[in-house]
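Order of writing sets the chain letters: A, B and C. Residues in each chain are counted from 1.
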Amino acid sequence: MEMEIPYTVSARPDTGLYNAKIGIWLFLASEVMLFGGLFSGYVFLRMGAQPGYWPHGMLNVPIGTLNTCILISSSVTAVLAWASLKMRQFTQYQMWMAATIVLGVLFLIIKLCYEWPEDFKRCGVYIKQEALAKYEPYLGNQYLYSKGLPPRVEITGELENEDALTNPNTREYDLHVDATYADPTNPANDRPSFFQRPVSDKVVKINKADVDFASKFYPSHNTFFGCYFLIASLHALHVFGGLIVFSYFLITGSKLYRKNPEHLCNRVEVAGLFWHFVDLVWIFVFPLFYLL
Amino acid sequence: METSTAIHSHDPHDPHGHGDHAEHHDLGFWRTYVFSVDHKVIGIQYAITGLLFLFLGFCLMMMMRWQLAYDGKPLPFFGPLLARFVKNGGMDAGGVPGVMTPDFYNSLGAMHGTIMVFLGIVPIAFGAFGNYLVPLQIGAPDMAFPRLNMASYHAYWVGGVLMLSSFFCPTGPPKSGWTSYSPLADLMDKQAGLIFNGQTIWILAMVILISSSLLGSVNIITTVIQLRAPGLTWMRMPFFTWTQLITAFLLLLAFPPLEAGSFMQLMDRVFGTSFFLPHGEVFNNQLVNVSGGGSPLLWQHLFWFLAHPEVYVLILPALGIVAEVITNNTRRPMWGYKAGIYAVMGIGFLSFVVWAHHMYLTGMGRVVSTFFQTTTILISVPSVIILTCLLLSLWGGSIRFTVPMLFATAFLPEFGIGGLTGIPLAFTSTDLFLHDTYYVIAHFHYIVAPGTIFAIFAGIYYWYPKASGRMMNQFWGKVHFWLSLICINMIFMPMFLQGMAGMHRRGFDGGKTYTLSAPALHWNVTIAHAAWGLGLVQFIFIFNFFWSMKFGRKVGANPWNATTLEWSAPSPPPHGNFVGPIAAYRGPYEYSVPGHPVDFVPQADPQGPRTDAGALGH
Amino acid sequence: MFSINHFLGMPMNASQHGYTVDEMLEFCHWFMLALFVGWGIFFVYTLTRFRAGRSPKADYYGVRTKASTHIEFMVIVIDALILIGFAIPIWAKRVTHFPLGDALVVKVVGQQFFWNFHYAGPDGVFGRQDSSLMSSSNQLGIDLTDPHSKDDFVSMNEMHVPVNRDVILEITSKDVIHSVSIPSMRLGQDAIPGAEIPVWFKPVKIGTYEIVCAQLCGSGHYSMRGTVVVDSQSDYESWVKDEEQNASIGATLMPATPASAAPAPAPASPAPAAPVPAGGQK
């Protein structure tokens, strides 16, 4: 097995690149198409949604902002890890690499252990077209109409009688509505606010006969959540994959470093490129789902 | 550029020179034959697996053709046998063992399409030929990422086996065509459980197969960019390698959107989302309990965004094989080599902007339809250019009709028929009549069956001696060719007539329901017999294939007097491929160079005229 | 005159616009035939002329004329001609020049595995539909409380249209994608749930023609056959009258006693199809 593949470590003179670097760029091109396909799906569904059926302000913006900052910092530390290797400062490299991993893990913890469980607690109830008038006091559609804003067709909040979702004998949903529906004609509620306000203490009873569809904020709740959870979990999987690779380099790196530091350096560079890409995807996810 | 030693000398300082040290004995059976990282072994693994799938796909179709010809009659012998093994009762309609149910027909159709495209042709044309030949043709010791290469093959067969496992689901294999249109594919067969049902397995298997193709294409592209031997400039690269390179780009960029679509369909099926389900969706006369708000057309866009480039994935490697075989057997350079390459690039680019020509009847406005009609017509131009190049390459040749050449020459008019019948499909107004009739089936089968499959046969007969060191039997090769040619045309030619009569595809009873198809109904019997004939004829090939491994005539490194680099390696090439350093000194097809005593000059021969006929032509 | 289309067995056209489709297809086929025969002759000649036996030494340079460039150029020109001369105008007419005025409008609703043809009845207005009202006796979920729905009628698998009058079909589907293909009318349009897509034609020959479901829609796809009966004006009117009496929504959803012309049917609450709250508004 002493056959060697050329240009695994050093660059080929006429292309100026080593193999893995081309490989990763190609792989990222395909990743662009993958996320491109998902985002086009998002655009397609959003453009096709009937007025009022594409929700806004459903996600926790401060948490999203925090996570954005964490991920961007981790990209910076990843670059620093690579730069330290280039300068052959191995302990520095270990430090930055560890920092990158910590930040990445933090991102996942915030997302999976806090943000999503909070989402799953909330619930939304779509009102039938012909029953909208009945719930006008909570929807404020007259008011929205007069201002030229799209109507509200859904009431959100936290469900008091959880069994209503599964038990066909329960006739109505008792919903602790979100602040917006407690005071629907307040201009402050025209747009989603940066900080998520706690649910109001108002409980609205919604008759099941008036309801199109009700569920917690699971992927199936609407196409918005479908897109969000699909793209965000795929993104989280990428973060997870990156963390595994980084951890591998951190743990076993010293062996390769002693043998061929440039090789390790290349590997970290390639994994870093992947990491930046994952970061970039998040830079799209955040505004598209949290802000717009 | 400068490596001046003769081919067989050994330069210890050159990395390529390590090839001949590589010995197999230290690797053991598993690492040599199963988990090998040698591109040639992987190529052969791909070839054998792919051929088995191809044959399986054909067997499913032979059963379907029985049903179309003899609706309601039990399939002799195999039918009752299958009735016992197929768990979902697909082969005992009305309690008669061996009679096919409509559901099972639909399953077979979906599996035929899927197997042929994703498990048969692509793995053979790209996985097998690409893997085996690209490193050899560019003078590389192996692929750039050998381990990735192995992973890609193993993902492939795992995906394939998973796909086949759907035959053992309680509700049988997927039933909504290879196109898996939602909402049918979203909602069907859910009673069988969330995961172990045909359609969900189809999605999971597709995701694995897509990943396998992605690994393969990253590998091929990197290999071609990085590992070309000294002197092998872009315009000295064999046409075959060019087609593989462009094919790899198509796979790399077109597959991921389908992966995205597959994830969405998976979510729809497993988590109850409604990416592809509109408001008020009804199934089995019941409102479906989903939020709605999705779009059935979104799936079609994502699917065809892949599937149109995919069909060029099926044809480009075939064109590459045919170009190699034709130049070799006409004994002259490829006419219009450069124009051909630009045309391949043009096809590659345009294939990303024509996908909606499969969706003309989904309610397309004037502007969109004009766009897609125009791009579809544009893409036929580079195809015509390539075909013209190949056709004109024959002129002035000294044509030897070897078995590979027979298949390659037959390819030209057969591809012509398939390609030309694409033209009326390309226009909305004529597609209005032809859409989803057997005319479409005939159109694309002329391209993939007597087209791509023939090219694959040509390639197998042509490179068999390289891979095995032995020649396949030429006489039986010729018998195989002529009988296959007759049968395959008898299968697909009548389908044009059926389509024109208004017979639609995917009809379980072969169009008996409709009086429209009555005048063309009798062809179903002819087609069935021709298909079984074709099936029988393949045993000549299979026998020849295995018999020649042991008893075929032994040959040297270059039995066809060919020029490209792979023929400068021993047959079969050792681990690491070339004995001594390798370099290219001229264009790929320097046959019959004026003033040269023999009618070919290998690319790797440092002596002889340094010509680049590729620069000629137009 | 010899026509390739008919040689290939294309059924006769029975609609006003159909001949444009036929002409274009005919033209395409001649074009294809010319190319194929031209190339074929060259091909066969070359294979015999340059076989190794007759041509022992190959010519390094091969074809040196520019003829092929001219041929390729001609192909492009003819392609462009078909595109601009036929394809784009014909399609523009299909999708933007809908007949105005007294066109007959029929809603076509595909469903596993038959066709519903929903007529608006004498008042010319379709009754409101709501998928949550669908039931086995009210396949389309027509709202009986809507006064417009009383005279609506739904014909199963058989559509009647009067000859020489423009017809607009509003095509949709309840469940999965189907496709309305009427080969004799040179008409085709997918039936997509959640979308209602109009197409138009004008039948010019009295007769019975088949409607093919052209999109795989499940186990009964192969037999999802409908017919369109092109009647003379008077036949059409009597058919409508018949349907009006026997099949109008008011008549079919009335409780029993078929003979007596019942008074305005009380909107007996139609049993909701699905017990679970479900998404659906149109």
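Here is the rule we use: contacts are C-beta pairs under 8 Å (C-beta built on N, C-alpha and C of every residue); 3 or more make two chains touch, one makes a residue touch a chain.
Everything numeric in this text was worked out from a predicted model, so none of it was measured.
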Longest centre-to-centre distance from chain B, chain (CA-based): A
Chain whose averaged C-alpha position falls nearest the assembly-wide average: B
Length of the line joining the C-alpha centres of chain A and chain B, rounded to whole Å: 38
Chain A and chain C, separation of their C-alpha mean positions in angstrom: 43
Separation of mean Cα positions, chain C and chain B [Å, integer]: 33
Shared-contact residues (touching 2 or more other chains) in chain A: 126, 213
Interface hub residues of chain B, defined as touching at least two other chains: 274, 279, 289-293, 295
Of all residues in chain C, the ones touching two or more other chains: 276-281
Contacting residues of chain B [partner chain A, same complex]: 15, 18-19, 21-22, 26-27, 140-146, 148, 214, 217-219, 221-222, 225-227, 252-261, 263-264, 267, 271-275, 279, 289-295, 298, 301-302, 305, 575-576
Interface residues, chain B side, partner chain C - complex: 101-103, 106, 175-177, 179, 181, 183-184, 187-188, 274, 277-293, 295-297, 330-333, 335, 361-366, 369-370, 373-374, 377, 380-381, 384-385, 388, 391-401, 409, 412-413, 416-417, 420-421, 423-424, 427-430, 432-437, 496-497, 500-502, 504, 506-509, 513-516, 519-520, 591-594, 599, 613, 616-618
Of chain C, residues touching chain B in the complex: 5, 8-11, 20-21, 24-25, 28-29, 31-32, 35-36, 39-40, 42-43, 46-47, 50-52, 55-63, 66, 68-69, 71-72, 75-76, 79-80, 82-83, 86-88, 90-92, 94-96, 111-112, 130-132, 134-136, 139, 174-177, 179, 181, 183-184, 186-190, 192-195, 197, 210, 212-223, 225, 273-274, 276-282
Contact set on chain A toward chain B in their complex: 1-7, 12, 15, 17-20, 22-23, 26-27, 29-31, 33-38, 40-41, 44-45, 48-50, 53, 126, 213, 215, 218-223, 225-227, 230, 234
